[in-house]
Each structure stands twice: as C-alpha cells, then as structure tokens.
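In the two complexes that follow, chain A is the common piece, with chain B as its partner first and chain C second.
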Partner chain A sequence: MVTFIIRRLLLVPVLLFGVTVLIFAMLQLLSPIERSALYVKDFPKNEKAVDGIIKLYGLDQPLYVQYWRWLVGTVDTVGVRHGGILYGDLGYSRTSSIPVAELIANRFPNTLDLTLWAVGPVILVGIWLGVQAAVHQNGFIDQAARVFSIVGTSFPTFVFGLLFILIFYATLHWLPPGRLADEYMQVVNSDAFRHYTTLITIDALLNGRFDVFWDALKHMLLPILTLSYISWATFLRVTRSSMLETLRMEYVTTARAKGLSEHDVIYKHAQPNAMIPVVTLAGFSVVSLLGGVVITETVFNFPGIGSAAARAATQLDVVTMLGFALFNGLILIVSNLAVDILYAVVDPRVRLS
Partner chain B sequence: MAQSVPTGDNSLLQDALPTHKIGWFERWLGPENYRIVSGLLKTPASIVGFALIGFFVIVALAAPLIAPPVTPNDPYKIPRDGFSSDPKPPGTEWKKNVMPLPFWWKIFVKSEKMTHIMGTSEGQYDIFYGIIWGTRTAFKTGLVVTITTLLFGVIVGSISAYYGGIVDNIIMRIVDILLILPGILAALILAAVLTPRIGKSLVPTMSALIAFGWMGYARIIRGDILSVKERDYVLAARVIGVKDNRILFRHIIPNAVFPTLVLASLAVGDVVLSFAALSFLGIGTEVGYADWGQVLSFARNWITSLNTYWYIVVWPGLTLVLFVMGWNLVGDALRDVLDPRMRGKT
Partner chain C sequence: MPDYLLDIKGLETQFKTPDGIVHAVNGVSFGLKEGETLGVVGESGCGKSVTMLSVLGLIPSPPGKVVAGEAFFFGQDLLKMSNEEIRHVRGAQISMVFQDPMTSLNPVLTIGRQLEEPLMLHIGMTKNQARERAAELLAMVGIPNPKDRLNDYPHQYSGGMRQRVMIAMALSCSPQVLIADEPTTALDVTIQAQIMDLVKRLRDELGMAIVWITHDLGVVAGIAQRVLVMYGGFIVEEATVKDLFANPSHPYTIGLLGSLPRIDGKQDGRLYSIDGHPPVLYQTPHSCPFAPRCKWAMERCWKENPLLTPVSNEHRVACWVDTKTGRAR
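Showing the complex of A and B:
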C-alpha cells in the first residue's frame, strides 16, 4: 500500500511538468507583445517601451529560458519579482481588471459551493438507484432509469439549462437565477456575517442564518440539477451494471446458501465489491463537473470560475484563460491522485499488484 | 468433393457448423464484424436512432430546397429581417431580405407571402433558416473533426503499440497529460488562442476539437493492436522479411481497426455537441453563421423573458436533442453488441 502511494506520488511532478509545458506551448501561439500582458497591467502605447518590456522579461530569449522565467518570474534591479506562476502570479486579467490569481480566489468559492451540492446527491442517490435497478432487474426503477439515462444523456447541458429557466423561472417564477437575492446579498456582505469557509451556504448555516441558506439553495437548485443530471445518469448505469455482475458471482450464491438475509447479501457482500468501477467513475466526474461548470454557470449567470473562463474566452483574454487552465489542471491532478489512492483502498488487488 | 455432414447428436460439432446461410456481405466483413453490424440493425432502439440520423442527412442534403438561400454565394449566412433586437414569434410576416419561396411552401401553405416559420431571434435572424442550414454545418464539422481525429489517433496509437517500449511510454504519457484538462475547457482555450490568428470561422474550433480529441482513439487502437500483433500471421510476415511499415499498415491495422471505426462513426454526435457548446459560449463562427449553438446563444440575453420568447430556445434546442439522441440510441445498442459478455446473444 505504502509503495503504491509512493509510486503514485512520484507521478505527480511528471504530470505537473506536462501540464505546464502544454499551457506554455499554447502561450507560444501569441506574439511576444501579447505575451508581455502576463507581466504588466497595461500595454504602454509607445513602441520603445514595449520593446523594453520584452527585453526585461526575456520574451525574445530561447524557449527553455522563457519557460523557466514563466515558472519562476524575473527579479528586476530593485529586487521585485515579476510574474512567475510558481509564486502564484498568473498575470493580469484584462476582462476583469484584477490579477488572475485574485479573480480565481474570488470566484472559486462559488463554484466549489455549487459543485459540492451537485456531487453529494449524485453519489448518494445515483448509487442507491443503481443498486435498486440491479436488484429489481427489469422492474419499474430499472425501466425508468433506462429511459432517464438515454433521454438525459441526449440533452446538451445548455439546452437543459435554458429549458429549466424557461419552465421554472420565466413561466412558473419558482426559482430565480443568479447567486443571491439583493436583500440577502447585503446580509452576507455586512460585518455581522462571519465568513468561516467563504462558501455561502455553509457560512449561512454556521452563522445560523437559515433564511440566507434557503435563498442560496433556491438560487442554486437549477444550476445544481443542470450540472449533475448527466452524472446522475452515468452513476446510475455504471452502478447498475457493476452490481448485476457482482450479484451473479459465486460468493454471493454462497452467502445466500449459508442463509444470510437478502439485505445483508446485497448491502454487505455485493455492494462493496460493486463499488470498484464507481470509484473510477468518481474521478471522471470531477473532470466532467469542471468542464460542465463553464456552460452551466454561463447559462445561469452564476459568478463562478466557469462563467469567468467563458467570458475571458469570448473576449480572447488568453492570459486569464491559461490561468484557469493551470488552476483546473492542478485540481484534476490532485483529484486523480485521490481517486487512485481510494481505488487502492477499495480494491485489495490494486495495492498488492 | 462431397461434403460430409456429421449426423447424430454430436452437439459440439453442431455448434461449429454455420446455423444460417452465409451471404457475401458476411463473408466480406468477417463473422465478428458482421455480428456487430447485424446486431445494430436488429435492436429497435438503434433503428429509431438510424431513422433520426437519416432524417437529418436528408435535411442537410436538401437544405437549398427546404430553405432557399437569400444570398446564394454565402448560403450559411442567416438572413435578417431588419435589425430590431426583440425576437418575433412564429408566423410573423417576413418583410425585408425575404427568403425565396421554397417549393413546399407553395404546395402546402398556398400563400405568396413568406413568414418566419419558427420566429426570429435577437437581431431578426430567422430561426428556421438557421436550423436547416445548421444541419449542414453540423454534419460538415462532425465529419471533418471525426475523420481527422480518427486518422491521427489511429496513426499515433498504432505506432505506440507496434514499437512498444520507450516510444510507447512517451506517447502514452503525452496522452495522459492531454487528457488531464476537461476536453471542453481545453478546446475552449485553444480555440480562443487560435481565433485571432486564423480569424472567426469554423477552423479554430474544429482545430481545437481535433487537437484534444484524438487521445481516446489512440488508446483504443493501441489496445487492439497489442493483441493483434502477437498473432501468428504477423510473426509469419516478419519471418519472410516484410518491412515494419508494411506489416503495420497492411497486416495489423486492417485487422484491428474495425471496433475503433464503429466507435468513431458514432462520435459524430458528440463532436457536434461540443461544437455547439463552444459556439453557444460565443467561440468560433461569426455572428449570424448558421449553426445550432449560435442560434441558441441568441437566447442568452433573454432568459428573464423566455416565457414570451420560448421559440428562441425550444426549436433549436429540440433539433439538437433529436440529433444527439439519434446517435446515442445507436451508440447504446453498439455498446451492448461490443460487450464481450453479450457475445452469442444477438
């Protein structure tokens, strides 16, 4: 187990190197002048000044020098460091008029709030439904799940989101888009409201403001469903087929033969083994969620990193985009690591091989 | 020579004999591939899927008849009926920049006046025209992207599997790294970086989808080739001194490529979906180009009044859903057919 984790940890620097090289390569599609936006707030109007910036930051140097400087930045004569993604300087966002790192720090809690609420129900209910569908094969839940997963996977996220808005917001006026109603936004921004985690829903609970919590949840319900319905469908399907396979195994027959109750056979003997492919799926779903927030947040006008990335993309603000790419890459490398370790915990065969 | 037919109850031999007459088609495809194709043609779900895809193929081919272009030199430009911002409902009379009356309009509607069949969206772009010509855009982008990614993936995957060792290791690590970022985000970034270089057109988005789309095929074909390359006929070819290139392209790839080909042909739906998602976000083609994502993106500014302007979401949305569902239904049946545990059941 320990050797497995160590081997897996050794892969992390390789992946990090790969992702930075990939993003650096995309950066090379820009001209040196455009790349200087990584280091300065505004382009100076006169050409000599631009040349000065290009010289100062070595944007005319060989690629490996540039790559290194991009990683660690440049220290000028006064001793001030400029740039350097390893020091958290991702450049200046033209579209939001603040540094990219700050933009991510402002936006990410909202996205995290949204994805956490999307992930929990998916894992719990999706797996439960999948197990039920397998246990009662061809029963009502199974048939409904089959229809749901085919129809669900055919709906593009943005069509689904827009139809939701059309029905629940524009026609029925049940659920509003955005982040919070104005009155509650004032509560959250007031001094009395303590920010423990920066996630609005959790902070609201910790502050004992259930009205704020309820309003935040109302605003997030449609984005949560839009973000997660595809994951629901896939979790359900994978759990179902994995569970069906496990239920056919001989050890399950043995368990039944020795007289265990059906409940114990299903939940204590079959389900833990059927969960192995589902763990892998959890890793993929982090990827699909991070991709999904781009569209979901744009449709619902939700102020997270996804909508910021989409806006940066339409306005061709490459510096901001690449900052987001780096941030996403980091999250995914960490989450893949977590999934692999979890995999070893769930499946003894992995850790022994 | 008389063929001896075993008699009696030797069930093992009975199984080995063909249970049906083998036609030229089956002979040509081989038993394994024939099983996949016939399995697909027997499932009701996939028949519905094929029907939907066929419908869209017809619409794409007949686009100039269904919606005659206003500007024949540039048929992908959606005609605008003026410039006012508010969408107009279906059935509104078409006043400026009128589309020539299509043949079916004269037959079924028997009117000399053209109307906006599905309404207009923001900026008076005709939704019906956008959907009909958007079908062509969908097939065009879907086919080009799928074929290119497939070619690239097959070449890279084959080289990786055939040479093995360090080549394989390096290529597969590159694949791992490219797969870290979510596909849609990676494509979004690359398309945004490419757009100022290439200009607003289909090319930046398509290139981005190709650049981040080939890895899956490379992995699949690699696995298939790893098993094929151990077969005796490959060894035989090597023994008689056939060159590496020829063994790879004439002996191994043709025997390993079929499952990848089938998967790729069904990926067209996914490609079209990704393309529509990117152009919904505002990346890619110029405003007013006939593609489904663009037509839907006109709705983004109207989400507070979608109850009045439902048609700017429902028609393009429905089109996209039916298109994707067609491919998904076939794909679902295919997964069942390709599943080794299902072998012998269809």
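Showing the complex of A and C:
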C-alpha cells in the first residue's frame, strides 16, 4: 500500500509538467500582438505601445525561453522577482482588479464549502437509493428511483436553478441568493471571528456562531439542491447498475449457500464490490464541482470560482482564464491521486498487484 | 424402500423468460443415502445444477420458481422452509462447491474472513476460535503456510488452490451433504485429479454424502457409487456406476458413453458426438424429449413421454425402447 502511494506520488510532478506545457501551448494560439493588444487602449492607433509590451515581456523570444520565464519569472537589478507561476504569481486579473492568485484564494473556499455540502449527502443518499433500487429490482423504490433519475439527468441545471429561485426566493421568500446576509458578513469580517479553515460554515461552527452557520447554509441551500439533484441521479444509476451486476456474480450465490442472511449477503459481500465504479464517479463529481460550477454559481450569484471564471471568459480576460485553467489542472491531479488511493482501499487487487 | 438422507420427490422448477416459461426441472425424484456419492451427469442445460440449487432454495427468484415437489432432509421438507429456517441448513448441514473457483470467492474479502463466516454463524465460534479453525481447514485441504495465507485475497491464490479453499469452506461445519457443482470443470486435468483425490480423502475421513454434478462420465466413474443421467430436466436413467457402464440402457446414456475418447480405441476418425442440442422446454413435453436426437425413436416416442421404470435392481430407465434389441419394451 505504501509503495503504491509512493509510486503514484512520483507521477505527480510529471503530470504537473504536462499540464503547464499544455496550457502554455494553448496560449500560443494567440499571436504576441494579440496578447499585448489586450493591455493597450485604442489598439490599432497605438502600435508603439504594443511593441513596447512585446519587448518588455520577451514575447518575441523563442518559445522555450518564454515558457521558462512563465514558470520562474525574471529577477530585476534590485533582486526582486517579477512573475513566475512556480512562485505563485499567476498574473493580474483585469476583470477583478486583483492578482489572479488572490482571486482564487478568495473564491475557492466558497466553492469548496458548496462542494462539501453538495457532495456528502449526494454520495450517501445516491448510493443508498441505488442499492435499494437494485435489491428490489422493478419494485416500487426502483421504479420511483428510475423516474427520479431520468428527470434529474435530462433537465439542464439552469432550469432547476431558475425553478428553485422562482419558488423559494421569489414566491415563498424562504431562501436568499448570494453568500451571506450583510449583518453576518460584518460578523465574519470582524476581528473577533477567527478564520480557521476559510470555509464559512465550518469556521462559524468552530467559532460557535450557529446563527452565521445557519445563514450561510440558507444561502447555499438552493445551489446545493440544484447540484445535488443532478449528481444524485447519476450516483443512483451507476450504483444501481453496478449492484445489479454484482448480485448476479457467483460469489454472491456462494455467500447465500453458506447460510448468510440476506442483509449480510447484500451489505457485506455484494456492496463492497459494487462500490468500485462508484469511487471513480465520486472522483469525477468532486473534480467537476471544485473546478467551479459555472452555471449554478452564476444562476445563484454565488461568489465561487465558477462565476469568476465565467466573468473572465466573457470579458476576454486571458490571464485570469489561464490561472483558472492551471488551478483546475492542479485540482484534477490531486483528485485523481485521491481516487487512485481510494481504489486501492476498496479493491485489494489494485492494492497488492 | 431404502432410508434416504435426502429424499427428493417430484421436483419441478420453472423460469419466466421473455420467450415464455422454461421448464428446467420436470418432476425429478431421487434419494441420497448416507455417506454415498451420487453422480449427476448430462450436457449443459439439462437441469443438473438447477435441481440442486432448487433443493437449497438458491434459485434466483424472480425469474426462477420451484413450482412443485418435496425435498425431505431429516424429516423436514426443505422446500417448505422459510428463508430463515433454510439459512441454517445451508452451509451447516448441506453445503455447495461451485464450478468456477475464479468467480466463486469474493475478491474484496480475505480468504480468512470468508472461511470464518460460516464457523461464526453456524457453530457460534468467536472470531479468534474461527481464525484458528480456518487455518486448520486450510491445512486440511493441503495449503501450505495456512496461518499466513488467511490474510491473502482470492486473486493471490491459483485456481486449484481457490477450489481447495471452496472445499474447505463447504466442509467447515461438517455437513452431512456436500453438493459439488462441476467443481473440476474449470481446472487443468492434473489439478482435476488432485481435487478429486482431495474430495475422496475428505469423504473417507468425514463421511459426508456427496452429490457430484458433472458432464464428464470419466469423473463419475472415478468418484461415484451411483449415477443419475439427466436430460431436458428429466432423470432418464439411474443405476450404480458399474451397472451404468456395463449395461447402459437409455439411448442418451449410450450416446454419452460413445462420445468418450478411449485410450484403447481406434485412433482414426472423429470422436463420436450426439447430433443436435438439448431442448429448451417451453411446455411439459408430450413426447420423449430425447426423441429428436434418438436413432431408436419409434412412433410411441413421439406420442408419450416415458416414465422412469425399473429394469433391474437399482437400475431405472425412462425409455420405450429396449436398446439391446431395438424393439419396444
């Protein structure tokens, strides 16, 4: 197990290198003039400024020089380093008027908060429903679950989002959009509120401020429901089909022939085997949620990574987009690592081979 | 009438399929004596496995269903037992070994865990007692370093070793009956011989009765005292092994014996085979199910399904034709 994890960890730098090369290559789709012109007012008239930028940032240098400079930046005569993604400088975001790294640091905790609350219940309930549907195949739970999941997978996210806003916000006035009510925002920003994890819900609990926790949860409930419904449906379907397949395996008959109770046959012998594809799915879900759920965050005006990325993309903020792409690549690599380790935990054939 | 340990009468099992109801087992009756080994032979799809799975209530339902019959075991009808009652027979008094050792052990549980389960469940051992007993069982079936190997997973065992584990698991609670469903079919010939030797040794030591399901008459000759030949969900011939090989009376049995390769036989030409395939019965047949493939078939065979009738002591046949003379019985 330890050697497995070490071998897997050794792959991480290679993957990171691949991600940077890929993103750098995509950047080259824009010519040096196009890249500099984004920072020049009245571009066609002001060609000198463009030339100046190209010279200043070395955009006319060979690609490998540019790539290296992008990675480590440059050190000026006084010894101050400028740029360099390896040193955490992802550039300056035009659309948000702060450095990209800071933008990510501000937004990511919100997305992480939302993901945690959306994924946890989804995985547990989705798997439970899937197992029940498979065990009682064609029974009431199965039929209901299938209708539920077909509706969930065939509706677009924004339809649910808008429906929920219409019902719970506009009509019933139960749940607000955004992140926090103003009064609680002041509490969170005050000195008395300690930021342990930067996740508002968890920090609120750690500070003993249940009112803040409840308000944050109320603000997240609609996006959580929207995200959950769609993921639930997928988890349910994958778990159901995997469980149905497992229940037909011969070792399940062996377990019954040993005299085990149906409960033990299902939960101790069949389910651990049926969970193997579900682990993959869980990994994918977490990755896609952490990378920012663009539509859901935009619909609910939720200040996460997804809504910031959407704004950067619609305003041609190339630097911010690159920063997000790099960050997403990092999340993908880390999550895949986690999924691989989880695989090894659930499947001894992976762990011991 | 002899005293049977397991007495099966008129067993009928059917499967619902999109094409109709398949009659897999059609009124099968036989008995198993204490300590004897009974071979059950027939091609794939003749109802051998389904018969034995029905007895233990292991037919997947739906689509399968035992529609009629009785299976007496120590005076109790297994087919009328509730799920909870039959659970305490399975693995404790009647246990099973399956065909493919590659798929019949759970890949995510250790061998030790799988061996301990029936011991804790049926004998009420503690975890530690079960662990010790599991190691003894592994040693009994000839697995070296049993204590260490308890922590291994099935994929770390070879096919033959897995089948040994299955046998150890089946015998862990000292059952009166072991049902072996083609336990050597998926194994190499040399491993087959080892597994058969192992089962014979354990039978002599432990004295359980065995139902050995196979499509290999050679295997039957090596291990069984009595044989049932099944075709289309019917028993078509029942005899002692010696009698069956000396005086095969049903055309199907004759065909099966004829298709065995013989080391002293002629080396030229192709091996004999019975033309056609076993039938899939969508209704109770009103003719002999073997008639379409039978070279002795007469007019009566197409009109009436023959019943199993005695031809001599302990030898019963379901056929209208006396295959020795080629005339009606």
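Things to note:
The rule we apply is simple: the second predicted complex is superposed on the first by the 313 of 353 C-alpha atoms of A that agree within 3 Å, B and C clash if a C-alpha of one lies under 4 Å from a C-alpha of the other, contacts with A are read in each partner's own complex, and residues count from 1 in each chain.
Quick note on the criterion: a contact is a pair of C-beta atoms (placed from the backbone, for glycine too) under 8 Å apart; a residue touches a chain by one contact, two chains touch by 3 or more.
Keep in mind it's a predicted model, so treat the numbers as computed, not measured.
Of the two partner chains placed by superposition, A:113 touches none, neither chain B nor chain C. With both complexes superposed, B is the one of chain B and chain C in contact with more chain A residues.
Contacts of A:156 after superposition: chain B is touched, whereas chain C is not reached. Within the superposed three-chain model, A:297 lies out of touch with both chain B and chain C [touch as defined at top]. By the document's definition of touching, of the two partners only chain B reaches A:26; chain C does not. Residues 45, 173-174, 176-178, 180-186, 188-197, 273, 276-277, 280-283, 293, 296, 299-300, 303-308, 310, 313-314, 317, 320-321, 324-325, 328-329, 332 of chain B are the ones that touch chain A when the two sit in their complex. Within the complex, the chain C residues that touch chain A are 53, 56, 58, 60, 83, 87-92, 95-96, 98-100, 103-110, 117-118, 121-122, 153, 155-156, 166, 169. Taken in their complex, chain A has these residues touching chain C: 248-251, 253-262, 268-269, 272-273, 346-349, 352-353.
Listing the residues of chain A that touch chain B in their complex gives 14-15, 18-19, 21-22, 26, 29-30, 150-151, 153-159, 162-163, 165-166, 169-171, 177, 287-288, 290-291, 294-295, 298-299, 301, 309-310, 312-314, 316, 318, 321-322, 324-325, 328-329, 332-333, 336.
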